[in-house]
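Common to both upcoming complexes is chain A, partnered first by chain B, then by chain C.
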Partner chain A sequence: MLDGRLALLTPEGIRLSLTPAGPVRRAFAWTIDFVLWLIAVFVIAIAIRFAMGDSNLGEGLFLVVLFLSYWGYPILCEVYAGGKTLGKRWMGLEVVREDGLPVGWRESSLRNLLLVADFLPMMYATGLLCMLFDHRFRRLGDLVAGTLVIYSPKTRARKAAQSGEAHPLPFPLTPEQQRALIDLVERAEHLPPSRCLELADLAEPLTGLRGEASLARLRAYVAGLTR
Partner chain B sequence: MRLDRLQLDLRPRSHSQALDLGVALLRQSYFTCYATWLALWLPLNLLCGLLAWQYQDWAFFFLVIPWWLRPLLERVIVLVLSRAVFGQQLSWWQALRAWPKELGGGWFRVLTWWRLFMPGRGLYQPIWQLEQARGRFAADRRRVLGRDGAGPAAYWFGIACVHFEAVLQIGLISLIGLFTAPPDAMNPLWMLFDQEIAQSQPVFLMSLACYAIAVGVMAPIYTACCFTLYLNRRAELEAWDIEIILRRLAQERQGSKSIKLPTVGHTLAVLLAVMLILPQAVQAAPQCEPPEDKKVEADLIARQRTPAQSAEQQAIRTELDKVYTHDDLRGYRCVQTWTAKNKTPKEPEKEDKDEEDKGKRSEKVPDWAADLTKAILILGAIALVAWLLYRYRDRIVGAFQQAETRKLPGEVAGMDIRPESLPDDIPTAVRKLWAEGQQRNALGLLYRATLSRLVHQYALALTQGATEGDCVKLAQQAHQQGELPADTLALTQDITRIWLAAAYAQQWPSDAALDSSCSRWQQTFGGAA
Partner chain C sequence: MKQALFEAQHEALWQRVATLLADKQPSNETQLPALYRQLCQSMALARQRGYSPLLTEHLHGLVLAMHRKLYGTPLERPMTLRRWLGVEFPRRVRQEWRLVLLVCLAFWGVAAAVGLLVWFQPHWAYSWMDWQELTRYEAMYSPSKEHIGRDGSDDDVMMFGFYIWNNVSICFRTFAGGLFGGIPALFSLVFNGMHFGVIAAWLSRDPAVAEVFWSFVITHASFEITGLLLSGVAGLRLGLTLIRPGRLSRRHALISASRHIFPVLVGAALLTALAAFFEGFWSASSLIPPTTKFIVGGICWALVIGFFVFAGRGQHEA
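Moving on, here comes the complex of A and B:
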């Protein structure tokens, strides 16, 4: 089954799933970062000009700031802000190591310095092609540093327990099947009513009923499961 | 539609994750997708390129045609993927044959105002093509599918893909530009900035070819990603994932245990073949002009020669000249070397300019401030390097030391064997513990002390992970090599046996046995540390 997720198993036997993020989302994050950087540099340039006028010192300082901000901003953000630059935070992305651990100085510096390689021959064409061909959407910098850009894991807010009378299940269900029942009841309000009844009919082997009665019985099962 | 054959895990997920899934789907049937798509796209571009070349007044019109017809060509990719997603693989020829039947529905909209203003068209194409919806019903379907942010997601995805196509196109042009640039050009896109060259026919056609390649790569990705967004949206709206589980449950209850969902056997790896066309090595020696003195010499010889007296002499002379032109006899060598393209940098001019600049600068901040800051920055850089060296001094020093001395283990089999952790007089301490009834501690101390002496007196190479058996084995090896006396080995074996019996089987030695072991220990290793 194609899922787009990457499963990692920790030594404790815990399964972690990471979802690598594709080039489009990352391009938007890059654009946001770049625009923010441009604005910041513009403001700093004006500030320096205002404070020091047209002098050698001002020019030199501006060049130093330009260099440090361009290379330092992503590295500092990734090391100290949980792998997220501002653009990535906005787009819900973060950088992690291939084993799911947070990135350190080594990985972050490597992947950001290799932006130069990804830029070649023009406008990140190599990086884009590399991302499209790699099955985890890694650009050259990611391949070298052993990092991934993933969607920040979000915990889905479970809805409150189903109210109403609970009914025991007629036979044991696997956790996956139980989850599907809960999902069905939670999503029922967004589904067309006819489709809901169709699904309730499909559940006949479980409920022994059809139509509305089957749906009501499913609700009762879920009330028992989520209590 | 057999949902149980679905090759995608369609749980509710964010739109951008659904879009990313398209790349994985495309990877599974990349060959058919790209073959069918390119079989339509490349000939169309070739035809239009030729027409544009032929009828230059209409060139722009012919160049717009491939761009304009692209949505209809994309339908062939949707066709292939819509079968592949249910596990049915079409061949590229079958897909091409079936393509004309897929063109009905929505073509007017897609080719007119949507072509310009609707980059998210890929989300809605399957409505006409797969659901066969038309007219008002199709409009309703579009509205429902585009709700909850799916429409904007597809729209922004389309905009990003247009930019990606531009990136690939410009990337290709500048790759060519890098290799064909005249020596002075700094810009890889020099061809497009030179008014005259940019409008010349070959450059025009080259950029068209780059566009065809860029779209050739991106269009299947765009279509596949929009298609998975469409699928995920429908799965979310119609709860496909729940239906699949309920159906499976029903089958299980009917007793038919042989449910086999088709699994993806293997993900086809996409190979990026990088064709490196190496220039043919030049076999012949490089040719060059003879140096000045050789030219003069040859001239002299030619002038001194009297006219040939016979044809035979003439033939011999030509023969001789030919022999003397050989590499070994001509007196100079031709060598190919690299030299800088611009040997004369325009330094003086620049300095003048700097001087002028300096004159113009305001005196708000004096120049010595700049020099001072420069010095501070340089000192800062030196301090940073020094600090890094200091910070990692252990590792740097350790790297040199490790080779010199092997570190003695402080712990073997979980027991501390450093001499300083042991009492001075071992046998007395052991006897005292034994008399107090702490049998286990007494034997443990005895064994620990034995290992410690083996390591520190006899330099036995025990490691931290060694077991009791390993220690005895190492002692035996040392004895065979003459590094360990026989009685020490015997004592080690005895004490190990006593310790093992006590530690793992709770079989304690008699008081007399312990006493004799202690005495032997005293004789062998000596009392004090």
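Moving on, here comes the complex of A and C:
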């Protein structure tokens, strides 16, 4: 199966899967961060102008704030907010080390300082090229720092097993087929009704029924499988 | 075993793990490893028995979060920064003495060569800068000025802010540029050296201006130029690792080189920030007589050189 996920084998013999994020989504996250930074800098500039008037003291203060926010904002966010700047949080991304653990000061500083190298010669051309050639979408800074940008693992609410009347399967199914069946029934409520019926029709060789009745029979099979 | 029975059996464990994870405080739960292993086992069972994807996904989320909580706990390393700056920083600079020599040559060598050329053949200065710029520099360091080295009546704090923003950023850019085989980092150093050489030689031709100029630069240059050169060393190290990774793969060589050189980068940035303090509040003051500035500047240079020669010797590698 073609799978964009990255499997990490832990000492406990468990396979954890992470999904590396591609250039487009990361570019969106970067754009959001950049716009937020521009807005913040603008607001701070106005605030300093109001508080101190048109003084050189205010201008010096502003430049120090500019420096700290420009270089410090991504690093502080990644170290203290679970690897997410605001843009990454919005896009559902996060930065982790290659072993899936949270990033520390060194990794975060290196990858953010090397953003300059990824920018060269213009508009992040090096970073994009590097991401396109790397199977985990790492840019230069990620390669050097040993980090990875992944989709934040989503926690979906767990539902209880299918209730209702159970019905035995007419013939045995392989584990993969059983999984596919369970998956279909669990996802049924997120699908449009017509699509559901279409899929239920496809299951005619199994249920011997069509339409609504076939879907109900599939539910009964799943109840039998899970309960 | 049917899924419903399995869920009923493990419900208590999953609930406990979920409450543990919801607790953001670093917990003193000594059961964490045992709980994590039980959780891993339940997920492995659920996967192998083909229970519903919703269940296995939920368990995967729990396991991933627990994995991070258990293994992601940062090691307690007291005084890391102090050890880095006091011991590792000078040691690693000494380890890279060849690169230090190279960047010194790229900066000081070029500065000296260009400076000598301008000193003996002043018209050469115009091939780097036009006369307006040179006159502006001359005006900045004229002995009658209240604030030396500045255009107008700019305030100390404003210039401090400017130096922080400008100089530390140059430091970081030089480092990042080093990644491309070291060429951009070397270029940045050579360019800065050339600029410095032209201006220093041009201004030294007038004795009155020369005294003001040299007393202005001597103190903060000790930190600022050292910071710039060392960030160049850090960048060059990465670039050379990319060209000649040794017995590791390029990626692994880069990772280990960046780990090794990181204290140097931090030290270089801190030196440059320190230079901004001196440049903003000390060097520009016309109240302090040049003799004092020369003495303090000399002490600073001695301190910097002494630090890199002697600090951190005889201590064990961390």
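By our rule, the second predicted complex is superposed on the first by the 173 of 227 C-alpha atoms of A that agree within 3 Å, B and C clash if a C-alpha of one lies under 4 Å from a C-alpha of the other, contacts with A are read in each partner's own complex, and residues count from 1 in each chain.
Please note the rule applied: contacts are C-beta pairs under 8 Å (C-beta built on N, C-alpha and C of every residue); 3 or more make two chains touch, one makes a residue touch a chain.
These figures come from a predicted structure and were not determined experimentally.
When the two structures are aligned on the shared chain, A:22 is found in touch with chain B, with no touch to chain C.
By the touch criterion defined above, A:64 lies against chain B and chain C together after alignment on the C-alpha atoms of chain A.
When the two structures are aligned on the shared chain, A:205 is found in touch with chain B, with no touch to chain C. Legend: residue contacts after superposition of the two complexes on their common chain; A:151 is shown touching chain B, with no touch to chain C. By the document's definition of touching, of the two partners only chain C reaches A:106; chain B does not. Of the two partner chains placed by superposition, chain B and chain C are both touched by A:55. By the document's definition of touching, of the two partners only chain B reaches A:128; chain C does not.
Legend: residue contacts after superposition of the two complexes on their common chain; A:172 is shown touching neither chain B nor chain C.
Common to the chain B and chain C contact sets on chain A are residues 55-57, 59-61, 64, 176, 183. Contact residues on chain A toward chain B in their complex (touch as defined above): 1-4, 19-25, 27-28, 52-61, 64, 92, 121-126, 128-129, 132-133, 135, 137, 151, 173, 176-177, 180, 183-184, 187, 190-191, 195, 199, 202-206.
Within the complex, the chain C residues that touch chain A are 2-4, 7, 36-37, 40, 43-44, 49-55, 57-58, 60-61, 63-65, 67-68, 71-72, 74, 154-162, 164-165, 168-169, 172-173, 175-177, 179-180, 184, 238, 251, 254-255, 258-259, 262, 265-266, 280.
For chain A in complex with chain C, the touching residues are 10, 12-14, 16-17, 55-57, 59-64, 66-67, 70-71, 99-102, 104, 106, 109-110, 113-117, 120, 140, 143-146, 153-161, 175-176, 178-179, 182-183, 186, 222, 225-227. Chain B contributes residues 7-9, 12-14, 16-17, 19-21, 23-25, 27-28, 156-157, 160-161, 163-164, 167-168, 170-175, 178, 188-189, 217, 221, 225, 237-239, 241-243, 245-247, 249-250, 253-254, 261, 263-264, 267, 270, 272, 360-362, 364-367, 369-370, 373-374, 377 to its touches with chain A in the complex.
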